[in-house]
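Chain naming follows the written order as A, B and C, and within any one chain the residues start at number 1.
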Amino acid sequence: MNHKKFAAGTVALASGALFLTACGGGPSSSGGDFTDDKIVLAVLNDQSGIYKDLSGPNSVKAVEMAVADFKKKYGDDAVVDDIEIESADHQNEPDIANTKAQELYDRKGADVILDVPTSSAALAVANQAKTKKKLFIDIGAATTELTGAQCNKYTFHWAYDTYMLANGTGTSVTEGGAKNWELVYPDYEFGQDMTDQFSAAIEKAGGSVDGTIATPFPNDNFATFLTKAASGEPDVIGTMQAGGDLINVVKQYNEAGLRDRGIDLAVGLMFITDIHSLGVEQFAGTTFTDAWYWNMDEEARAWADRFTEETDTRPSFAHAANYSAALQYLEAVQAAGTDNADKVVDQLEGKKVDDVFLRNGEIRAEDHRVIHDAYLAKVKDADDVKEEWDYEEIVATIPAEEAFRPAEDSDCSM
Amino acid sequence: MLEVEKLSSWYGEAQALHGVTLQVREGEVVTLVGRNGAGKTTLLRSLMGLHKQTEGRIELRGRDVSRLPAHRRARAGMGWVQDDRGIYATLTVEENLVLPPRVSDRAWSLDAVYDVFPVLADRRRAPGTTLSGGEQQMLAIARVLRTGASLLLLDEPSEGLAPVVVARIGQIIGQVKESGVGVLLIEQNVRFAATVADRHYLLAQGRIVDALDNDQFVARQQDLLEHLGI
Amino acid sequence: MSDVLQYTVQGLAAGSFYALAALGLAIIFGVLGVVNFAHGAFYMLGAVTAAVLLDTTEIGLWWALLVVPLLLFGFGVVVERLLVQWLLRLDPLYNFLLTFGLTLLLVDLVKRKYGVSGLPYERPEVLDGRFELLGVGLPKYQLFVLIFSIAVCLVVWLVMTRTRIGMIVRASTERPELARALGINVGRWVTPVFGFGVALAGLAGVLAAPFRAITADMGNDFIIILFAVVVIGGLGSIVGAVVGGFLVGLVEAFGQAYAPTYAQILIFVLMAAVVLVRPAGLFGREETA
């Protein structure tokens, strides 16, 4: 429970380890084919907390699937035989993420770190990647900072970000006729960032944000927040809450009967695991932007079936993105013939990719934003659900070039 | 009816009672006299089973109660009135009266209690601690009488009360004695003790140093007053 | 004006729920002297049990309001016999630590079994929709929560003030040693009272299931608010828990309306203010040293 104390202990251990590797030579990244005759992929994410279900241990499974597929594809032609997977729990704490990343890079010989939800933790790991000159492919975090002011040569952002969520939902819902918005957001970095991005997208699309309400975080009771947001009779209330707080908002929005009053709910960030846990009835009709949906076409579904065999659950977009990132990393190693980070980066930059997750994908060289088609999704009515996890209807595909922030708007300089 | 044999008590390492032996017979009023800190209250608490670190034998009406927990001793017939009277603020006067279970057919009825203590009848619905000090003392005594206890352990019933109230309490103790109840009384008020008691034990530093009948006690009153430092 | 009325009504609805949830905490502290940190975890168990019952046996809200408290009562009895009773004679800190540890254990077990994203729950259709009167509206379910919670608090209050059991519990709460000396087997009441307090936490959990996220962590922050409620009302005081609950609900509602970000902080400002003026809380009794 005592994160601080625990973290202090790990910092002491890790800095000791750092000292040893600095003196003893440690792994070097100065060319050669393979520094240690193997590739180590490390999944660093939340293995026990609020993001456990949507990424967590099943992201490791997805990476295992990618390794298996890579080996199957190249067999004896693979440039490396020995591919290992490490995983670690960062508990969504940036200081723990920081020390775990050091440990993975220095002591576990990680060539790439994957996933890392929670923006502050992701930024800490990006900084480590830059210092160690090792790869980091973020999937779980939402901040555009990773491909903005805090971008670096070794960091890639694979699945989604706040711009994509806000732009997709804000633009399309406004263009769909809901002009007047009230935004309710948790008063911390992610919520503020999302609210700014949403406001920009809404206003660009010709709508207006009549009010914003900052709420404590975490919080259980949203009754009066919602009453207040609804008092101006907006067309739609946009909520930037996530996880348990989001479930509270949705339950209390339904309870207050706001949809019957003609006030829709748009959700900033939502995962399929949220719909699953709350029940499709509660979310029915809610619009949100998704990076990928397991049942969106045959290809996705076939992969999802394989995933389900491994895990007994349907994949979230984060799982599919972990698979994709691991696979494309291995492809880049194969093409480069080495695990040398700079050479792998050269392979990845500017590459156009189509795989089960990335549709019309491109690994943008300018800011390392991986762009791909995104989807405007609507939660199905309970009557339309045909099987378990069959929750979403894809109403529109947002083309890759429109879905993400244009490279010229980014503050990134590598 | 009460036979106490070699009763010793400790507070941690410190011994508070050293082998106290005493008796109270039926219909007898016995006082414990001694300075503050002599161990009087500890003795009553040990008899009642409220003080854990205690050794020795306590027999009530021929029955060894020294291993029984406090509530079983109460049911065996001990009625304790503690020095601050122990009136419940969260209970009404009447609830204070009916809280303890009846333990014998000597138990007073509620009507009988109200006959003897009309003031309690008037205030029956009021919270217990809204009574005056004297009324609270009446209530505390009435409460143990209503249970039908055969032995009353009274811890300074006269303390801080007006003379008329003290006299009234003396009357009641007399009445109780008539009905065959034994009374063990802690008393600093030597004059009051002399008017109600049959016998007296002098307690000093946790030991019984003298046992006197009332005549001896009256004769040595001046000496005792000095001894007690009052 | 109608805004103020609206927020008041919402505050009262939230407050009634806090009052009900804090009631068991107050009773357990009153009789056992145990600061039951696990109250939030028992609340969580109530909600999770209701969700599991709905999912597996289709036992809905109405029956759950009866069945879950009974199950939690049994669980509370087991916890008291197995764990709590051994520490009752020691410093209250020991039972605080025990119940803290128990919380971690229960939360992790529920996470292991049911994951972290939560469980679905549907309220009965009768309670869908809104109730409007004179321009003031409340979701029907919240109206139900308000009435139900007040009814339960009232029943508990009547039991405590009008029955012999209540009298004994009050006496054992106020002065346990004296109660024993008056022939009352205080120990015999300890286990059922603990079970009853746990059952009340479970009841609050069932009531929460339709309008709050049902997750293993749902009690973690909730217990902090409940502590504020009982500290404001006075530790161990039943009336205090109810009054404290309503005060916290109102402060939260007006905080959400007029100072959104500070809605939770205001609760603790209120707590600090009360403790400064009356260290034992509004209805607490000062310890006489």
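Some observations on this one:
Keep in mind that, in the parts below, a contact is a pair of C-beta atoms (placed from the backbone, for glycine too) under 8 Å apart; a residue touches a chain by one contact, two chains touch by 3 or more.
These numbers were taken from a predicted model, which means no experiment stands behind them.
Of all the chains shown, the one with its CA centroid nearest the global CA centroid is C. Put simply, the chain farthest from chain A by mean CA position is B. Computed centre separation for the pair chain A/chain C is 37 angstrom, with centres defined by C-alpha atoms.
Rounded to whole angstrom units, the spacing between the C-alpha centres of chain A and chain B is 76.
Computed from the mean C-alpha positions, the centre of chain B lies at a distance of 42 Å from the centre of chain C. By the touch rule above, chain C contacts chain B in their complex via residues 167-168, 170-171, 173-175, 177-186, 285. Contacts from chain B toward chain C in the complex involve residues 48-50, 69-71, 74-75, 80, 82, 86, 88-91, 95, 98-101, 103, 143-144, 147.
Touching chain C in their complex are the following residues of chain A: 1, 48-54, 187, 213-216, 218-225, 227-228, 231, 243-245, 247-248, 251-252, 255-257, 260, 273-274, 276-279, 281-282.
Remark: chain C residues 3, 6-7, 10-11, 13-14, 104, 111, 115-123, 128-130, 139, 141-142, 210-213, 215, 217-218, 221-222, 252-254, 256-257, 260-265 touch chain A in the complex.
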